[in-house]
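Note that the chains are named A, B and C in the order they appear, and that numbering of residues resets to 1 at the start of each chain.
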Amino acid sequence: MKQGVLTVLVVLLFWGMAGGANPPMSEETEACLRCHRSVTPGIVADWERSRMARVTPAAARSMISKKRRVSYDCIPNTIERIVVGCAECHSISIGIHDDTFDHNGFPVHVVVTPDDCAVCHPVEAEQYGKNIMSHAYGNLQNNGVYRALVDETNAVQTFQHGKTTPGRPNEQTDADACLYCHGTVVQVQGATTRPTAFGDMSFPVLSGWPNQGVGRINPDGSKGSCAACHTRHQFAIQMARKPSTCSECHKGPDVPAYKVYEVSKHGNVYGGLRDEWNFKAVPWTVGKDFSAPTCAACHVSLLVSPDGEVISERTHQMNDRLSWRIFGLIYAHPHPKSPDTTIIKNRAGLPLPTELTGEPSSEYLIDAAEQEARRANMKGVCLSCHGANWVDGQFARLENTIHTTNDMTLTATKILLAAWDQGAARGLAQKDSIFNEALEKKWVEQWLFFANSTRFASAMMGADYGSFDNGRWYLSKNIQEMMDLLELKRKR
Amino acid sequence: MKQGVLTVLVVLLFWGMAGGANPPMSEETEACLRCHRSVTPGIVADWERSRMARVTPAAARSMISKKRRVSYDCIPNTIERIVVGCAECHSISIGIHDDTFDHNGFPVHVVVTPDDCAVCHPVEAEQYGKNIMSHAYGNLQNNGVYRALVDETNAVQTFQHGKTTPGRPNEQTDADACLYCHGTVVQVQGATTRPTAFGDMSFPVLSGWPNQGVGRINPDGSKGSCAACHTRHQFAIQMARKPSTCSECHKGPDVPAYKVYEVSKHGNVYGGLRDEWNFKAVPWTVGKDFSAPTCAACHVSLLVSPDGEVISERTHQMNDRLSWRIFGLIYAHPHPKSPDTTIIKNRAGLPLPTELTGEPSSEYLIDAAEQEARRANMKGVCLSCHGANWVDGQFARLENTIHTTNDMTLTATKILLAAWDQGAARGLAQKDSIFNEALEKKWVEQWLFFANSTRFASAMMGADYGSFDNGRWYLSKNIQEMMDLLELKRKR
Amino acid sequence: MKQGVLTVLVVLLFWGMAGGANPPMSEETEACLRCHRSVTPGIVADWERSRMARVTPAAARSMISKKRRVSYDCIPNTIERIVVGCAECHSISIGIHDDTFDHNGFPVHVVVTPDDCAVCHPVEAEQYGKNIMSHAYGNLQNNGVYRALVDETNAVQTFQHGKTTPGRPNEQTDADACLYCHGTVVQVQGATTRPTAFGDMSFPVLSGWPNQGVGRINPDGSKGSCAACHTRHQFAIQMARKPSTCSECHKGPDVPAYKVYEVSKHGNVYGGLRDEWNFKAVPWTVGKDFSAPTCAACHVSLLVSPDGEVISERTHQMNDRLSWRIFGLIYAHPHPKSPDTTIIKNRAGLPLPTELTGEPSSEYLIDAAEQEARRANMKGVCLSCHGANWVDGQFARLENTIHTTNDMTLTATKILLAAWDQGAARGLAQKDSIFNEALEKKWVEQWLFFANSTRFASAMMGADYGSFDNGRWYLSKNIQEMMDLLELKRKR
C-alpha cells in the first residue's frame, strides 16, 4: 500500500514539474514553430510529444550512467540548456551540408543525418558506422554481382521477335524498390521556387528523395539515417523497441525476420502481453519491464536484471552479437570483418564472401574465435530466461540448419551449372547474365528466399517458416522444379 | 497542473451524466431487448456499448458542425429523442424491404441497408453511392470478362480422357469467394418455421445470406452494406478508423493494401504508438489524436489541425482523392467517371477501361485535370506532416511505377498473344476462355498480383512488396516463366 | 457515480490484500528462488506476475464452480496452502521422471508435463489426452505415408550424374521443422557437468530439447506440453485467449487458421476493439468481456451470457466441437474417433482416413449423428450473437466448400495417376516415393495448401484465403500446371 501511495506522489510531482515549467527553447526553434505549427502541424505536434522537446541535453547528461540516453560529455554550450528543436537538428551540424539553404534568414538543411545526431549521440553514431547496415547502399550498388541482380529485377523487359530484352535501369524504380531500405544517394540538383502561405520561397531540389534507408548517402557525406528506426519527429524509444519498426525492411521472403518473430513463442508472448509492458524504461529490465524479447532486446538494447546487473550493453553495431550472416548472399557464412563488403573477393575473383560452391573467403570473414565470442554475447541474453541446456540445444539446431541449407543451395548450384553446361540456360561461359532466365531465378530463390527463411526460422523459432512457409518444403520442391526444367530445356 | 484538475472534473461530470441518465428508448426496442437479451446476448451487449445506445439523434444533431456524426437536419420526430435501437434500424426504413416479416407483432426486416442508415446519415449514404465500392457486385458479375475470370477461378474441374473440364459455377462457392467482399444478392426465397425458446416462429429464408460485402444487393433494392466497415452492433468509430477493418478485403495478393500499410513507415508508427492515440475524437486532429495516418485518415476521415483548421473533409466516396485506379484491371488507368463500370466499352468492344495493349478508354475515364484535382486532395493530407519536396518526390515515384508496371504487363500480354498465335495456348481466336490455361493464368498474375502489389508498395511505401514479396522480382520472373512455356508448348 | 466509487473501493481493497499478504511459499521454492533470482531473473520475474504465485490451490478450489480454474478436489495437503512455485511443478509429480536429477540436494525434473499439471488440473489433462493434438508426434512419425512426406521434405538432396538423391533424415532438422509443433521425443542421454556461478554442477543431457510441441513425448511417458499454449512462466490466461498464441503452429499454408482469423470480421473486431476487452475474467462473458470471439472463445473457453447462463463449457479436447477434419490429410473427412490415428487403415491398406480417391474409411471416423452433435455444439457459440438463418447459411457454405475442395483434390489425384501411368512421374507402381517429384509435390500442395486454405477461409470467413491467397485461384491454376507437366513429361 505504501508503495502505491508513493507512486501516486511521484506521479503528481512529475506531472507538476512537467506541466509547470518546460525548459526553454532556442529563439531559432521558436521562429520555426511560429510558421510550421500551421504549415506542417502534424510533425510539430509529434515533436512536442517527444522527449527531445522536454529534456535538455544538460539534464539528459546529468542522469546516472545506465539511465543516460546521450553519450557525449561535451555537448556544445549553445544547445546544452535548451530543448532540442527544429533548429538544433536542421541547422547545427558537424559536417558541411550541401543541402543547406537560406530559409527566412536561417541556414537550414533538409536532411538530418547520423553526423547531426552525433552532436549528442556520438557513441551510437560511431557504433552504427561499424554496422553493416550503414554500408547498405555501397554494398549493393558497388558490387557487380549484386548490381546485376538488382538490374535484372528492376528493369522493364520488352518482347520483340520472340525474345525479351531488359531495358536500362530506372533510377526512380531503384529508389522505390531495393534502395527504399538500402538507402538512396541524396543529392542537391538545384533550387526551385514554390508559392507558400508566406509568399514565394526557394527550396533545394533533391534527387533520391524522400528516403530513410539504413545506408542512405547523405548530402553531408555521412552514411545512413537514424530515422530509419527512430522515426521522426517523436523519436519514441517505445517505437524503436517494438518489432513493427523492424518490419519495414525485414518482412519479405528474402529476410523474413519479422514474420518469423510474429509466430515464434517470443512473438506470441509479445502479442499476448505487450499491453502490460513498459517500453519506455531505460535501462530495460528483463522480467519486470517485459517478459519476452523484442528485436531490440536481443540485438540493440541495454538490458539489466531486476537487481540492476547488466545483462547486455546497448549496441548500435548489432552484428557484434551475430556469429553467422544467415542472409545476404548465396551461402550463410561467418560475418564479414569489415562493414564494407565491396572489398571482398573470392578465389574465383568474384566479390562474394564464398565461392559459388560454398567455400568461405575466410580472410575477409571473422574467425571461429570471434564467432564464438559473438555467440556468447547473444547467449548471454538468452540465459537470463533459459537454462544452458535449452540454449545450447537451440544454437546446435541453428548450426545444423546453416549446414543443411548451405548443402541444399549447393545442390541447386550444381543443377544450375549442369543447365549451363547442357544448354538448358545460358550463363557465365556464354557471357550471359546469371540472373535473367527462369531456371536461374529459381536458383536465386533457393538461397535468397528458401534457405534464408529456413535459417531465420531456425534462429528464432519460426516453425512453419522452416517447414511449409518458404521453408524446407520449398527448398526441396524447388530442386525438383529445376530438375524438370533441366530435363525439358536441355539442348545437348 | 490546472489543466489536469480540469480534466478530472470534466471526466467526472461526463461520467455522472453518462451513468446518471441514459436517454429513453422506444417501446419497440424495449420489446426487442426483452427477448434478445437472452436469445442473442452478444449483440445486445455490443449495442449497449455503442454510441447509438447512448446518444439520441437530436443530441447528435445539436453538436457543432465539425463534431457532428449525423448529416441530416430533418430526422423523423418518431426517433429524434430516443436512442437508436433494434427497432429503429430493423423496422423503420425509407424503401420497401422484401425481407420484412411479422415478428411477434412487429414488422421487422433482417437486412439493414444503406437506405436505412440514410435516415440519419444521408450525406454519407449518397457519397457511398458514388463510390465504386457500392457497385462491386454488378461491376464484377455483369462484366463478361470479369465474370469469365470468376467462373474459371471458382468452378470445379473434372478430369476425363486426358482433359479437364470446368463445371457449372456454384452459387455457394461464389458467395464464399469473390462475393464475400463484392457482395451477394440477398433475396427472400420463402419462409421457414423454427422452434425457438418462445415457441415456433416463422422467419424469412434468404439466399446470399449471410453477407456484408461492400456492393451487396439488398432486399430493399439498395446497394452495399455500411456494416462492411462499421461493424455491427457497436458501430465503433475507433474500429472503422483502424486498418484491421480494411484488411478484411484488402489483404490478398490482388489488393495488398493492408499488408503494404503494415510494413510502411506509417504502419510502423501505428504499430508502435497506437496505444497512445485517440481513435474516438471527432473531428480527428492530426498530431494530437494520432501521429501517423491509418487507412481512414487518408481516404475517409474529417481531419483538422490542432488549430481546428480543416485539412480534409470527410468523404465516403473515397475515390475522390484517387487519381489512378491502380488495381482492378489489366492496366492501371485514370479512375472511371461512373462508379458503374459495366457501361465501359473499349475500342475492341470489350467491357474494359483499356485496350488489351494498354491504351485507355478515355471517354469513360476522368481527364488529366480531374486527376490533378484528386491528386491535390490527397497531397493536402500528406502536406500536414511532410514538405512539398518530399510529397512531390513520393508522387513522382508512383507515376513512374504506374508506367513501368503497365509496361511489364504489356510485355506479358505480347507473350500471351504470341502463345495463342503459335499454338502454345488457345485463346480468343480459338474461341477458348482466356483464363483457363496455366500460361493464361500466369498472364493474369502478372497484372492481378504482381503489378498491383508493386503499385500499392509504391503508393504507400511498401518496400519489399515492390521488390521481392510479389513485387518486381515476380514481374520479371513471371515473364521468363511465360517464355519457357511458350518455348516448350509451342506447336507451330 | 455510485458504481464508480464502489469500483475504486474494491480496487483499493484488492490492492491492499494483494500487496499486504501474499500467501506463503514452500521452503523448497524459496531455495530455488534464492539462486534463480540472479541466474534466470527473467523467468522468476515472469512467474512472480503469475496467478500461480499469488493464489494457493486451496483458495483456487474454494471459488464457485464457474470461476474455478482448478479441477481437482483432492489436491495434496503438501501444496494446498502454498503458492505453486518452482519446486511444486519441477519436483512433485504423479509419474516417474527420467529427467529427475539431484540439484543442490533437491530432486528436480527439467521438463514439466501434462501429468505434472494434472495434480491440480486433472480434468483439463484428461480432456487434452483425447485431443488429437496430444497424439501429434505419433500420428506423424508412426504413419508410413506421413513419415515419407516428412522425409522427402526435410532430407538434404545431393546432385550427381544428373540425378538427385535424398539423404538420410536428420534428427536436428526434424526437430526444427515438423516436430517443432508436433513435438519431439525428449529423452535423457546422460549427464554433463557445467561451471555455474555456484561452482560446477551436473545436469541431465536431453535429446529433442528444447521443445514445447503439442504432442511432445515426455521423460515421464506422458504426451504433450501445456506450455505450448499456456506459456511459461506467467501462464497468463489473457495470453492463451489471444489468437497470437495459436499462430505459433497455425499460420502456415498448411493450416492458415490465424491468417484467416486476422482478416475475418471476427479478427477485425479483435484488431479494433481488443484494448477495451477483459481477457482475464473467468467465466468469460460474451458481449461484456469481449465482442467478437478469439480462437479460444469458439474452441476452448467456458463462455457465459451476461445473465450468467452457460453458452459453452470449457474443453481441452477441442475437436468435440468440430464435425469435419478440414486439414491434416488428402481429403476433408469426418473426425477420427480415436485421437490415435495410426490405427486407421483404408481399404487399400494405407494408414489413411480416406481412399486415395476420397471415399472415407468410415469405421474409424465419427458418424453423421456425432457430426451433427458436434456441429450443434459449435453453432451454440455462434448463436449467442447471430440468428439461426445466418448461422445455417454459414455452415451450409462450409459443407459446400468441403465437397468442392475434395472434388478439386480428386481431379488432381486423377492427373497424378495418369502421370504415373504415362511415365510423366514414377509412383506406387514403380515402387518410387509418391512425394519426391515436382509433379507429385504439386499434387501435395493441392490438398495440403490450397484445399486447406479454402476450407479454413470458408469456416472462418477468410475471404481472400478462399479466393486469391492460396485459395480457389490456386486450386484451379495448380491443376492446369499439373496438366502442362503431364503433357510435357509424358513418356508413353
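Here is the rule we go by: a contact is a pair of C-beta atoms (placed from the backbone, for glycine too) under 8 Å apart; a residue touches a chain by one contact, two chains touch by 3 or more.
Fair warning: this is a prediction, and the values are worked out from it, not measured in the lab.
Trainee: Nearest 5 degrees is plenty: how much rotation brings the CA atoms of chain A onto those of chain C?
Mentor: In short, 120 degrees.
Trainee: Taking all residue numbers at the chain A to chain B contact, is the shared part over half or under half, that is, same or different?
Mentor: different
Trainee: Quick one: report the Å distance separating chain A from chain B, using the average Cα coordinate of each chain.
Mentor: About 33 Å separates the centre of chain A from that of chain B.
Trainee: So which bits of chain C are touching at least two other chains?
Mentor: Correct list: 275, 488.
Trainee: Going by the contact rule set out above, which residues of chain B touch chain C in the complex?
Mentor: Spelled out, the residues of chain B in touch with chain C are 15-16, 19-20, 37-38, 40-46, 48-49, 110, 152-159, 162, 164, 170, 172-173, 175-178, 180-181, 194, 203-206, 209-210, 212, 231, 234, 236, 238-240, 242, 244-245, 247-249, 251-254, 258, 275, 436-438, 441, 448-449, 485, 488-489.
Trainee: Residue numbers of chain C touching chain B in their complex, please.
Mentor: Chain C residues touching chain B: 1, 3-4, 262-265, 267-273, 275, 286-288, 291, 305-307, 309, 383-390, 393-394, 396-397, 400-401, 404, 407-408, 411, 414-415, 418, 457-458, 461, 463-469, 471-473, 476-477, 479-481, 483-484, 487-488.
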